[in-house]
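Both complexes shown next keep chain A, but they swap its partner, so chain B is in the first and chain C is in the second.
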Partner chain A sequence: MGMNDPYNKEELDALKANTPARIGVGRAGTRPKTDSWLKFRFDHAAAVDAVYGEVSEILLKRLNLFKVKTRAGDKEVYLRRPDYGRKLSDEAKRMIEAKCIKNPTVQIIISDGLSAKAIEDNVEDVYLSFKQSLAGAKLDTGTPFYIEKGRVAVMDDIGEILRPKVIVLLIGERPGLVSAESLSAYICYKPCLGTIEAERMVISNIHKGGIPPVEAGAHLGTVIQKILKYQASGMSLVKKENEEEMSAESV
Partner chain B sequence: MKLSTQYFGEIHQFKSLKEVLAKANEEKSGDRLAGIAADSVQERIAAKAVLSELTLADIRNYPLLSPEEDEVSRIIDGLINGTIYQTVKNWSVAELREYILSDETTGEDLKRISRGLNSEMIAAAAKLMSNLDLVHAANKIEVLTKNNSTIGYKGTLASRLQPNHPTDNVDGMLASLKEGLSYGIGDALIGINPVDDSVESVKRLLHATQDVIQKWNIPTQNCVLAHVATQIKAVQQGAPADMIFQSIAGTEAANRSFGINVRLLEEANEVAKSYGTGTGPQHLYFETGQGSELSAEAHFGIDQVTLEARNYGFARYFDPYIVNTVVGFIGPEYLYNSKQVIRAGLEDHFMGKMHGLPMGVDICYTNHMKADQNDIEDLGVLLTAAGVNFIIATPMGDDCMLNYQSLSYHDIATLRQTMDKRPAPLYEAWLEKMGILENGKLTKHAGDPTIFNH
Partner chain C sequence: MNEQVEKIISAGIDIGTSTTKLVISELSLRNVAGGGQVPKIEITDKKILYRSPIFRTPLLSDTVIDIPAIHRLVENEYSYAGITMEHIQTGAVIITGETATKQNAEEMVHQLSQAAGEFLVAAAGPDLEGIIAAKGSGAYQHSIETRKTIANIDIGGGTANIAVYRTGILCGTCTLNIGGRLVEWEGKKMKVAPSIRKWLKSIGYSPFNADGAMIANEMAKVLSRFLADSFTKEDELLLVGKAPSWTGRIDGLMFSGGVSDCIYHEERVDKSFQDIGMMLATSIKENEELAAWEWEHPTETVRATVLGAGSHTTEISGATIEVNDSHLPIRNIPVYRLDFEGVLENGIERLKQSVQEAITIYDALQEGLNFAFYLTNLPYLSFRDIQLLVATFTEALKQKPDQQQPLIIVMDSDYGKVLGQTFMANRPEMPVICIDQTQVEHGDYLDIGRLLQTGVVPVVVKTLTFHN
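Right after this comes the complex of A and B.
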C-alpha cells in the first residue's frame, strides 16, 4: 500500500515506523492512491460507529463501580446538549451522597464520554496502576464510580457533593481514525460549581498507540502529589511554581 | 430603533438588538443550545429584515456587552476610527452589505471602512449575506503579513503544516513534517499542537522544527501551540520560536477561562519581539472558532456568529501574523452537520478579512459530527475561491494526535493546481530549488519524504 517508488525505501519504512500518521501514502496526480483513500474511509466509518457504543456491565462489576447517569437521556441528546452531560441527574446525586466516602484526598471517577471503547480497552490498566501509585504515596481515595454520558465538567457537581482535594476523571475522548479508543485523564484541585477550564489539567492520548495505560496511571500518581504540594492545578499550579522559582532565584 | 416587521400580514416583534442578531443567523445547533435561535424559518427571515433596516449607529449605541463591563468590548470600541465612523453611522445594515458587494468598492475601500466599524456591525452584514456573497466579498480583500516570509498575496494559497504526533515523539513528528514539505506544504507555518503542555516539551519541539528550517533553508516560520504562558517561558529560556500562539474568545469572561487577558497577550507580543527568532513585524498567531464562548459558559446570551466577529475585533488589536478559525473542531452541539460547518467557515473567513486580518481556516470535522471528508473538500474549494490566506493540512487529512480530520497535504496541492493558485512566493522558489514544484505543478519527486534523507 502507498508509494510505488520512493527515493529511499528503507528510509521510508523507518519514517513510517516512527508515527501512526498516514505518511508515505503516495499519490495519483495530486490525489491520494485508491487504497490509501479507502483505508481512510474505512477507519472513519469505524470511528463513527464507536461513538454509539456502551460500556459493559461486566467491566463495571470487575472494577466494583456503581453506575450513575447525567441529565443526558439518549445519545443524540447527549451529542447536542453537552450541558446535560455536565449535570448529574437527581437520582445520581442521591446515590453518590448515600454510597461514597466524603472528603477523600483523591476521588476517582470514570465516564464513557464520546468513546465507550476507550473505557473498555484502557481504563482497567490505568485505574489499577494509578491506585497502586496512590497507595505507594500513602494517599487515601474515595469510593469510585461510573458516570454514563458524562462530560468533563460533571466533576464540578461531584466536587460539590463529596468535597475531595483532587478529582481524577477518566473519560473516553472523541474517537479519531488511528485510535477510536483514546482515553483522557482530567485532573482538578477542589473542583466546584464555577471552576474555570484553565484550572483543569489533562493527560490525553492514553491508549496502546499513545501513552501506554499502565504508564499513564503511574504518571497520574506523580501529578497528584505535585497538585497536593502546591494546593492548585492547571494555570494556578503553573503560577505557584513560577512564584517559587522566582523566590528561589532571588535568594 | 425599530424592532418589528410585517410580512404576509403577520407582525414579527423582537425585544432587543441581541435577539434580532441571534434570530437572523442561519441555522446553527449552538444557537439552539443557547436557547436563542429563531423558532421558525419565517421568524429567521423576519429578523434579517428587521436587522437590514437598523443603522450602524443603532448597533454602536446599544452594545450587547458594554465596554464598561467587558475588556473585549473596550478593545473593539477603542479601535473605532471616529472620522470614518461619522461617514457611515447613518447607513443601514442593508446599505453596508450593498456597499461591500458593489463593483465600485475595492478591497482597499473595505479595509478603510473597516476601521470605522465594530465587530457587531460586520457580523450584522454577514447575517444578511448568502454563501456566495461571503465568498465574493472576502475575495476582494488582500491582507499581507510577514513574520520571516510574507503570505497573503492574491493568487496564492499558503498552508500550515501540522505534523502532530500522539506522544510528541520528535522523530515521528519529523516524519510527518518531511512528508508535508514534499507536497509543498508549510509556507504559512510549521505548527505543532503538543500533547504535553510543559515548558520542556515545548522547547524540544521548537528546537526540532527550527533545526529543519535552518538545515534546509526553508523560508517559513515555526510555532508550538501550547498555552501562551508556557510558550513565553520557553522563549525566555532561549527556545527558538518565530511566533507565539494563543486561542482567543469573544468575551473577557471566556478569555479568562482560557487563562488569558489583554495584558498577557501584550506580554507575549513583547516577548516574541524581544526574544523570538521571527523577523516580524508580525509575531502572534491566534485561533478562534464559533461556539467557544458558549462552551465556556461566557456568552451572555449573544449568538455565536456575533461572538466570533468579536474574536476578530479583539485579534486585530494585536496585529497578528496569522489567525485561523478551527471550524468544525468544536463538535455537533455548535455546528451539527456539514451545511452548518460550510456556512460557519465562509462567515468566519469573511468576517476576519473584513477586520483586515490575515485569515486562514482549519477546515475540519470530528467523528461525532454529521460530516465527512467530501464535505470539507467542498469547503476547501469554496474558501480557495474566497481567497483564504492559508489552510491547515495534515497527513491524509487525519490528525493522529488531536483525533479529528482536516484537509490532506494532497488537498492543498490539488486546490492550488485546480484553482490556479501558487504557494507564497519565497516558498515557491524554495520548492522549485528543491525540485518539488515546477511551473506550479508537483514534480515526480513530490510526495516522497525520503528526498529529505541526507
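Right after this comes the complex of A and C.
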C-alpha cells in the first residue's frame, strides 16, 4: 500500500506519522489502489456496523447497569428523529424513579448514541477509572444505568427526576472513517428541562487510538471537582473562572 | 476550554572559562488542545526579559572561583532586571569549560542553586553544554525548520562543544580543547594552557616559542577533520571525553560562543582579551575545508549557552498527572528505565527484580536515596491491567529502605493520572509523583518543579546519553 516511489520517503513517513488521514496512499491511473480502496470500504462498513450495533447484555450485567429506552422505537426512527432520542419513554421514567438514589452528587449514565462499539470497547475502562477517581475525592455517586438509543440532551429528563449536582453521560460518538469506537463524556451541572447547550461540556476522542479510556476516567474526576467548586459547567464555568482570575489580579 | 496563558520566569546563568552572563526569560504556557479535548499544555512563547552584559568570570586565582563576587554579580543583575529570586520558577546554572575544573566549582554550584532561586538546576558536563548551546544559538530550531543536519559549534574560552541535530533529533556531541583562551599573552610572553601542550608537541611545535596564528590555523584544521569524521591520532589529543558519536552527513555549520562573535561580528568584539580568540576566528573563517559546508547564521552568538540554559532546558509534563505538590520541587533524581517492550506481563515479571536492581545502583548503602522509575513501551492498558501493575509494583516497592519516601514515576505514554490515583487508592499513606508524556533515558537526571496553575509541572532532563 502507498506510493510506489516517493520523492522523499523519510519526509512522507514523517507526515504520515502526524495524521491518521489517508495521505500518500498512491494511485493506479486515476483511481485508488485496490488495497487503499478495500481499506476504505472496510472502515466505512465498520462505521455503519457501529451505528446499527447493539450493546450486549453481558457488558450491562458485568457493570451492573439496568436498561431503559428513549422514545425512539427502532434504529431508523432514532436516526431520523433526534428529538425522540432526547426524551425518555414513560416506562423509563418510572423505572428510574423506582430504582435510583435521589439527589446524588454525581450521576453516571451510559448510552450507545451513534456507536454501540464505542460502549462495547471502551466504556468499562472509563467507568471503572472514573469511579476510582470519584472515590479518591470522596464524592458520592447515584445508581448508574444504561439508556438505549439516547442523545446527549436526554440527561435533562434525568436531571428532572433525580436532581443530581452533576450528570456525566458516557455516549458513543458518530463514527468516522478513522475510528468507529470513539467515546465522549458529556458533563453538565444540574441539567434540567431548558438547559442550553453552552452549559454542557465534553471530553471527546476517548478510545485506544485517542485519549486512553483509563486516563480519561481519571481526568473526569478532576473536572467534576472543578465543576463542583464553581457550581457551574460549560461557558458559565469559563466565565466564573475568568472572573475569579480577574479579581485575584486586581487584589 | 480555558484560554488563559500562564507565565513562568526562567533564569539562565552561565559561568564560563572567560566570561559569565545571565539571562532572564519568560515562558508562556497555554492549552493547545481544541475544545472538548483533554488539555495539552505547551510552552508557546519564550520572551527574553533581560540580558546581562558579558562579565569577566571573577577568579581569586587560576584555580579558585571568587564565589562572593559571583553572588554579588547575580544579585545585582536580578535587581537590574527588576526581579527577586522568589520569582524564578525554573532555569539552569551552568559551569562550562575550564571553570568546571576549578577547586571550588562544586561548592559554588551548590550554593548558587540554593541562593539564586526556588528552582534552579545545577548542571555541567561537556555534552550537555553542547546541547544547550545548540538550542540557544537556534541550530536546533533551524534543523527542524529546514529539515537539515546542522552542527552547532560553540567555541568559548576553554572548549569547543559540538552538537549535531538532524531535523530536531540529537545525533551526537563532541568536545574539543579548542578555545580562545588556551593561548594567552602577558605582554610579550605567551602562555599555553596545559590541555593543549601535548597536542602541540605532537605536531611539532614547542609550547614556548610557537606562533599564535599557526596554532589557530592548526586548531581550525583539527575542527574541520572532526566534523568530516576524518580525524587523525594526533587530533585525538584535543578530544575531551569520547570521539564524535554522530553518523552520517552534516549539511550546515553554525557557530556560537565568544569566539563566534569574532567570526560574525568583528566590529562589536571586546578587543581587550590578550588571547588567541581573534586569531582562531580568522583561521576558522579562512579555512577551506570548513568553507565547503553551508554556514548558517545563529540567532545568538556569545549568549547561546546562557540563553539555552535559561529558555530551553525546561520541558512541560503531560497535563493529566498526579503529583503531591508538598514533595516538590525535587532535584537531581536519577532515572531507572523499565522497558515493557510492549507486553505488560514482561514488565510485571521483572518488576521485583528491577526495583531491587534500582536500589542496588542508586541507593547502594540503603541510605534512602530516591530515584525515579521510567516506564516505557507500555502496551495499551485496561483498568484491570493498571490494577495488576500497581498491585505488583506496590509489593515490589516494599524492598525500598525508606517507605515514607515519595514514589516517583515518569512515563512517555499517557497514563500518569490513572496510575497515580491507583497507587493512592492502594497505598494512601505513600506520596506519589506520577508524570506522563515526558521522555527520559536510563541514567538521566531529573528535576521536577512545583505544580503550576495549568496543572502541569516543569521538568528539566539532564541528558547524559543520546536519543539516537
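Going forward, the second predicted complex is superposed on the first by the 239 of 251 C-alpha atoms of A that agree within 3 Å, B and C clash if a C-alpha of one lies under 4 Å from a C-alpha of the other, contacts with A are read in each partner's own complex, and residues count from 1 in each chain.
We take it that a residue touches a chain if its C-beta (ideal position, glycine included) is under 8 Å from a C-beta of that chain, and two chains touch if they have at least 3 such contacts.
The structure presented is a predicted model; accordingly, all values stated were derived computationally and were not measured.
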Q: Look at where chain B and chain C land on chain A after superposing the complexes, then choose clash or fit.
A: clash
Q | Superposed model, chain A: greater residue contact from chain B or chain C | A | B
(Q) Taking the superposition on A as described, I'd like to know which of chain B and chain C A:124 touches: first, second, both or neither. (A) second
(Q) Per the contact definition in the header, classify A:238: touching chain B only (first), chain C only (second), both, or neither. (A) both
Q. Looking at the overlay, does A:168 come into contact with chain B only (first), chain C only (second), both, or neither?
A. neither
(Q) Just checking: does A:11 make contact with chain B only, chain C only, both, or neither of them? Give me first, second, both or neither. (A) both
Q: Quick one: classify A:204 as touching chain B (first), chain C (second), both or neither.
A: both
Q) Given the touch rule stated above, what does A:106 touch, chain B (first), chain C (second), both, or neither? A) neither
(Q) I'd like to know which partner A:155 touches here: chain B for first, chain C for second, both or neither. (A) neither
Q: Scan A:96 for contacts with chain B and chain C and give back first, second, both or neither.
A: neither
Q) In the superposed arrangement, which partner chain does A:116 touch: chain B (first), chain C (second), both, or neither? A) neither
Q. After superposing on chain A, which stretch of chain C overlaps chain B: 26-34, 98-106 or 404-412?
A. 26-34
Q. Following superposition on chain A, which residues of chain A contact chain B and also contact chain C?
A. 11, 204-205, 211, 238, 242
Q. Touching chain A in the complex: which residues of chain C?
A. 1-2, 4, 35-38, 147, 167, 320, 322, 380-383, 386, 413-418, 420-422, 424-425, 455
Q | Interfacial residue positions of chain A with respect to chain B in the complex | A | 3, 6-9, 11-12, 15-16, 18-27, 29-32, 36, 40-41, 43-44, 47-48, 50-51, 79-83, 114, 173-180, 182, 196-198, 204-205, 209-211, 234-235, 238, 242
Q: Within their complex, state which residues of chain A touch chain C.
A: 11, 14, 124-125, 128-129, 132-133, 135-136, 184, 201-205, 208, 211-219, 221-222, 237-238, 241-242, 245
(Q) Considering only the defined contacts, which chain B positions touch chain A in the complex? (A) 29, 32-33, 163-167, 169, 171-176, 178-179, 195, 227, 229-230, 233, 256-259, 295-296, 331-333, 336, 366-368, 372-373, 394-405, 408, 410, 413-414, 417, 442, 445-451, 453
